[in-house]
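Note that the chains are named A, B, C and D in the order they appear, and that numbering of residues resets to 1 at the start of each chain.
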Amino acid sequence: MDLTLDRVKGALRSPVTFSVVAGLVIGALFLVGTGADPFAAYGAVVTGSLGADGIGSTLTTGTSVLGMALALAIPLRAGLINLGGDGQLVLGGIAAAVTGLYSPLPAPLTVVLALLAGVVAGAAYAALAALCENRFGVPLLVSSLLLSYPATSLASYLVRYPLKEPGSSLPQTRRLPEGVALPVFGTSTVTAGLVLIVLAAAAYWFADRRTAVGYEIRMTGLNARFAAYAGVERRRLTLRLMATSGALAGLVGAIGVLSFPYRFLDGSLTAPGYTWTGLTAALLAAAAPLGTVVASFFFAVLQVGGLSMERTTEVPRELTQVLQAIVIVFLAARLRFPRLRRSRGKPQEPAAREPAAQGEPV
Amino acid sequence: MTRPPSDPSAAAVSGPGGAVSGPDGAVGGLPPAVELRGITKRFPGTLANDAVDLTVRRGEIHALMGENGAGKSTLMSVLYGMERPDAGSIRIDGAEVSFGSPGAAMAAGLGMVHQSFKLFDSLTVAENVVYRAEPRRFGLVDRAAARRRVRELGAEHGLVVDPDARVGDLPVGLRQRVEILKLLHRGARTLILDEPTAVLTPAEADALFAVLRSLTARGRTVILVTHKLREVLEGSDNVTVLRDGRVVARLRTARTSGAGIAAAMTGRAVELDRVHPAGTPGDVVLDVEGLGTAGVHDVRLSVRAGEIVGIAGVAGNGQSELVEALAGLRTVTAGRVALRGEDVTHASAAERRAKGLAYVPEDRHAVGTAPAASVADNLAMGHHRTSLSSRRGLLPPSAVRAHARDLVGRFGVKAATPEVPASALSGGNLQKLLIGRELAHGAPLLLVEQPTRGVDIGAIQAIHDELVAYRDAGHAVLLVSAELSEIRGLADRILVMYEGRVTAAYDRAEADEATLGLAMAGGAGTTTGAPAGAAPDGD
Amino acid sequence: AAKDDAADGGSKGGGASFTLVTPDPVGQNEFLKLAVDGVKAAAKTHDGTQKVYQSSDSASQQQNVQAAVDAAPDVVVLVGFEFADLVAQQAEAHPKQQFLMVDACTTKTYANVSCAVFREHEGVYLAGAEAGLLSGSGKVGAVVVLDTGQFRRYSDPFAAGAKEAAPKTSASTRFVGGQSPFDDSARAKEQANSLLAKGTDQVMAAAAAGNYGVFEAAEAKGAYAYGVDVNQCTSAPGTVVDNVIKKTDVAVQEGIGQVLDGKGGKTVSYGLKEGGISLTGLEDGVESSKCVIAEHEDVLKKVEALRDRIVSGELTVDDPAAK
Amino acid sequence: MFFDSDLLMSALRALTPILLAALGGALCERAGVFNIGLEGMMLMGCFTAVATSWFTGSPWLGVLAAALAAAAYSLILAVGSVTLRGDAVVLGIAMNLLAVGLTSFLLRTVFGVQGTFDDPSLAGLPLVGGFSPLAYLAWAAVGVSALLLSRHVWGLRLRGVGEAPEAAATLGVSPARYKYAAVLLSGVLCGLAGAQLALGNVTLFSENMTAGRGWIAVVAVMLGRALPLGVLLAALLFGLAEAAGFRLQGLGMPQQATDAAPYVVTLVALFLSTAQRRRRAARTRPSTTGVTS
């Protein structure tokens, strides 16, 4: 009982809570400053994203955000930052599109093959960034970022010339053949992609919590020298984590192509900024699996709700973007609510200090 | 041996060599260069300095000695304004002072060379020397003046260094010179050197002493913190010995001997001097031939099941590098390492562990643990691929927790729950965690480095008992320690490392402290044809 | 911000309702501004209400269209080729909902989807002819957002028109590209500079926000530029020769009118003939347009003749988007 | 001729904002703070410059305000990473996101438009010899910062702080003070970079108009090894690759290839320079760029 109370108090005092509350308060100040009603605005965000009309969009957006968040969280768990999510995402998408268009197999098998093609393309490209660090000493942060641009350009070229839909004025591939599509839930825009991503999240959670590999990844993130001392080989881990990361990004790309409008359209995978939103979510949760899921959902709500708020009120949706960034600034600085009573929970203190680095906020 | 009713070495205060003139001792009417009175400094859980009096006369080289953790560095930090004393007073040239910062101490004519160099590797010698005290022209660093200054000071004091060399490219001996030049540039009249020769070759050390003597000849004063008896005997005028934060001897170097100083230094709590019964050696577990790696040359040694082989030596003589090379964390450049008859010279750390090696590293915060991770996670490391992971790499949290509870109980680690982060543990408890984790492997070979550094007396005893029990269970242990009493109490055979080589090997019976102390200070003959790893009890 | 204005003077509720969904933020995008003007005018005419939903990417386009359809206004107006797939999907799912697509059309035809498309290439061709006639160096060029079929309508016909008017003219195109092709005017400006450096003295600008950059570059070099969608001569008087006018507002208004009259489901193509595409120089009020072309009546005469040939069907301009 | 003065001019114009921002990044790097928030700081500079120039009619006030605003914005990084010891990479990424949102939001609330604000009466910076005065300032800044870092007392101390803060502290130099100064200066430089972009290269503000230039600056810092001249060369390499790309379009190279070219060239240059550095010395200067790895 007392323990639960302490936990609740700990959670309330955690930087996550502080950052979210501070973000909301500052956002409210912005709103008041522009003459809007913060309650109405936040209300519109909530009803617009979680109401009957919005939940489908939230889950659809959430699929991509969570997918990219997982992709970036997995290496982040070991302290590696992959800034090349866009390139891996796009290559996954284009690989899936090519497979979907030219596979001779029956439609259901083609779907599976296209998903696999996306996964492989993303993984291979991300592994290239890892090789740049392992073999050439170019920091992963930079190599992944720089590699991202040529990948998006390549995809852009492919859909402009060799893969272009004849007669279309858009740089897009032909529509995938009938049936080469992920199953959709009812009349919504939510596809089986959500299931795949949720499964990936569950697998990540499982690996993180319950496998030796997950343990090694966590320990590498907390103290790389410690992990190396115990026999974890950093280069190999980097390569594998990046490949996994790219695989997930590629999967998100493939899901994007195998969902409406069932084709690869230049820029449509990257323009919504899932990579950055995903990275933000992963950072916000310190790459912890459940935290990443919660943060991704939070951002999907903000994005979909923000757009809805803009439609129904006078408040621009950039507000939600600002809110998102403020939350993460506060979190990075590990600000928290001041302690109310000094005497309590001494042994808890260091535990409470680290949730940004380790803890599950659940 | 049990602890005598009164500390025998206490007599050394008036010393075998005869006492120096008392703490008040102003010589020739001049006030002492430095006079510390009743300095007390307490850290949480440690009384680092306990009413220390220290008098340093102008123009002398005054050695400050004591075992690891005796409080030497703390005392110097207090003197240099980096730590505030809890009690006591400081006089410089007779005037009472109170320093709030190193800057203030510098202004009073003190200068300190720290135990680990405080240099900027990418900057030039001249830049390092004038940093924060730059000669200027139009607001710019007057590089010509800085260079000139380095040359002048170098010529004056025999500290020749190329002013334009990048400090990072210099050998340690020259870096040491740069440190001293830094002080001289700032006009320091009293130089404090904390273990300046720990990383120097004997030739470099000799050169340093020549410089120090020339400095004192010109009226400067040197306080030298060191572990090396030879240097003290050859280079210093007076010696003050600290033990457990207290002054236990004040000696005039000319009238004392290495044995006298060593006796004063090591009159430590009885538990450490307890000699455990010898082991019964079996098959060779670790066999090293002609091993070379950065800082280690041509090391030959072997460790057998059921024995503890101790490696004694002053820190920085290659012990850490040797152990890292054995553990697979450092590339071996020469020689061969065999573990239970299998060649593992180029095996990875993971492969060596799988073949039966456990390792307690020296640095428990940066290497041995992940302070931010929970106690349970820290205890699982290394076991996570073996005993704890059931099938196909699954690592059930329940197994990790059970393992943690087991080890916490067995090794008496004081942790509220296995979920608290390791950073919440005290140093001693963290060390117990680390040793418990590595012992729990039951690996045929245990490498253990400085197992009791910074650990309280009770924990030391527990750790020693564990190590002996481990040996008696038929495992091989390679123990690296800078604590002579530890080595003597535990090891069945003792090797001494000096300058990256094994320079002496003793049976436990023949290794008294004076002999060892002498060998550690490089007094064990030349490195050629050293007995190295050849088991002295011959087989 | 979302706009939910009862048209001036009109009473709310009684009349028709229209929702416009844009593919990008309206901002300073002249083309989208005209579309907004169009729905506003329609709301006024039909005594109704209008809303504008601005999207910024594929995800928000999808959400906005969904939201628009959910609210079931009389007409959902969509501007831009990006909506083709979405409209097809929604039209099928909601046969009672009327859609008006501007600037693009679904591949299949639906009874509840009306389209208004433009033949910009005809206007661009005329602008090219002006450029060919006015060029001193015999070199003309275009700075265009991206290398896509849609945007090639602003480069290829420009070259063709110039060559028609002055056969020795050579033409060159730059695509802005980069990390944000629609917003990066500094990049567009450098692209223009790279054309000007080669002696090009007539530049067609179809670079979205980058047009301002192109005008700045031309102005600095004393060269001439051509704008799009509306009269952009005011942005750089003395530099902008003429503009390819695209009367989106008219297309929206007329389209809505037809849908309300029950004549939906058709595709109307606007070109020179229909007056949906024109040049500022060919419209009334050239004199006060601040356009350079106003000083070149001889050129305008020839261009008018060329226009008449296109209108009469004697001359057809190749449409790069149809390739 | 393919390489002519126009190509160089074009490259120089394109690199000016990148160079200013990269110099700021280099100062931070030298002080031991990894600053990847250059893009965001620059964007804040763009908006402030345009807004101030619009409301006061003076581009010079715009430049000044941009420098001040970006410096104030950089405090997020200074306080967050130096005082509160937060992760500089996370802070930098958040600052980039925040700047995009904040400037778009302000664009709507201050100017009531979305996307782009452009007005013929918006006063831009005058051109002197084909370049804006800020371009000359940028080139001068290369020299000044090179001199400052290599020869000035402040620069010497800053380099010391970045390399070994505890060593600097034992000599009585406060590392925090120098780190703050470096971050604030990088703010000023990024503000100038933004002003140059929005009032020099062009005269308008559009959302996200920095278009990745801040990231290129980050890469230039790395490629130029945080040396002002190295940063200049890196920026020049990028600028030339971009300007050459524009030309190559004219020779029929697809837009997508010319888009990718500068990044590929940069990556190759990074490979070569890292390889060379590795060959040259086993001992490398500790760098802050590895903070998170």
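Rule of thumb we're sticking to: a contact is a pair of C-beta atoms (placed from the backbone, for glycine too) under 8 Å apart; a residue touches a chain by one contact, two chains touch by 3 or more.
Chain-to-protein mapping (UniProt): A, D = ABC transporter permease; B = ABC transporter ATP-binding protein.
Keep in mind the model is a prediction, meaning the values are calculated, not measured.
Visitor: Looking at the contacts, which chains touch subunit A (ABC transporter permease) and subunit B alike?
Guide: Both-contact set = D.
Visitor: Would you kindly say which chain has the C-alpha centre located farthest from the C-alpha centre of subunit D (ABC transporter permease)?
Guide: Chain centre farthest from subunit D (ABC transporter permease)'s centre: B.
Visitor: With centres defined as the mean C-alpha position, give me the subunit C-subunit D (ABC transporter permease) separation in Å.
Guide: About 36 Å separates the centre of subunit C from that of subunit D (ABC transporter permease).
Visitor: So what's the Cα centroid distance for subunit A (ABC transporter permease) and subunit D (ABC transporter permease), whole Å?
Guide: Whole-Å distance between the two chain centres: 28.
Visitor: Can you check how far apart subunit B and subunit C are, centre to centre, with Cα atoms defining each centre and the answer in Å?
Guide: 78
Visitor: For subunit B and subunit D (ABC transporter permease), what's the span in angstrom between their mean Cα positions?
Guide: Distance between chain centres: 46 Å.
Visitor: Residues of subunit D (ABC transporter permease) that contact two or more other chains, please.
Guide: 108, 114, 254, 256, 259
Visitor: Residues of subunit C that touch two or more other chains: which are they?
Guide: Those would be 1, 54, 146-147, 179.
Visitor: By the document's touch rule, what are all the touching chain pairs in this structure?
Guide: A-B, A-C, A-D, B-D, C-D
Visitor: Applying the document's contact rule, which stretches of subunit B touch subunit D (ABC transporter permease) when the two form their complex?
Guide: Within the complex, subunit B touches subunit D (ABC transporter permease) at residues 82, 101-103, 106, 112, 114, 117-123, 127, 131-134, 136, 139-141, 143, 168-169, 182.
Visitor: Okay, in this complex, where on subunit D (ABC transporter permease) does subunit A (ABC transporter permease) touch?
Guide: Within the complex, subunit D (ABC transporter permease) contacts subunit A (ABC transporter permease) at residues 36, 76, 79-80, 84-87, 89-91, 93-95, 97-98, 100-102, 104-105, 108-109, 114, 215, 218-219, 222, 254, 256-257, 259-260, 263-264, 266-267, 270-271, 274-275, 278, 289-290, 292-293.
Visitor: Provide the residue numbers of subunit A (ABC transporter permease) that touch subunit D (ABC transporter permease) in the complex, in ascending order.
Guide: Residues 30, 34, 79-81, 132-133, 136-143, 145-147, 149-150, 153-154, 156-157, 160-161, 224, 276, 279-280, 283, 316, 318-326, 328-329, 331-335 of subunit A (ABC transporter permease) touch subunit D (ABC transporter permease) in their complex.
Visitor: Hey, which residues of subunit B end up touching subunit A (ABC transporter permease) in the complex?
Guide: Where subunit B meets subunit A (ABC transporter permease), its residues are 327-329, 348-353, 359, 361, 366-373, 377, 380-382, 384-385, 388-389, 393-397, 416, 419-421, 423-424.
Visitor: Could you pull out which subunit C residues touch subunit D (ABC transporter permease) in their complex?
Guide: Contacts found on subunit C: 1, 24-29, 54, 146-147, 172-175, 177-180, 183-187, 189-191, 193-195, 197-198, 209, 212-213, 216, 220, 234-236.
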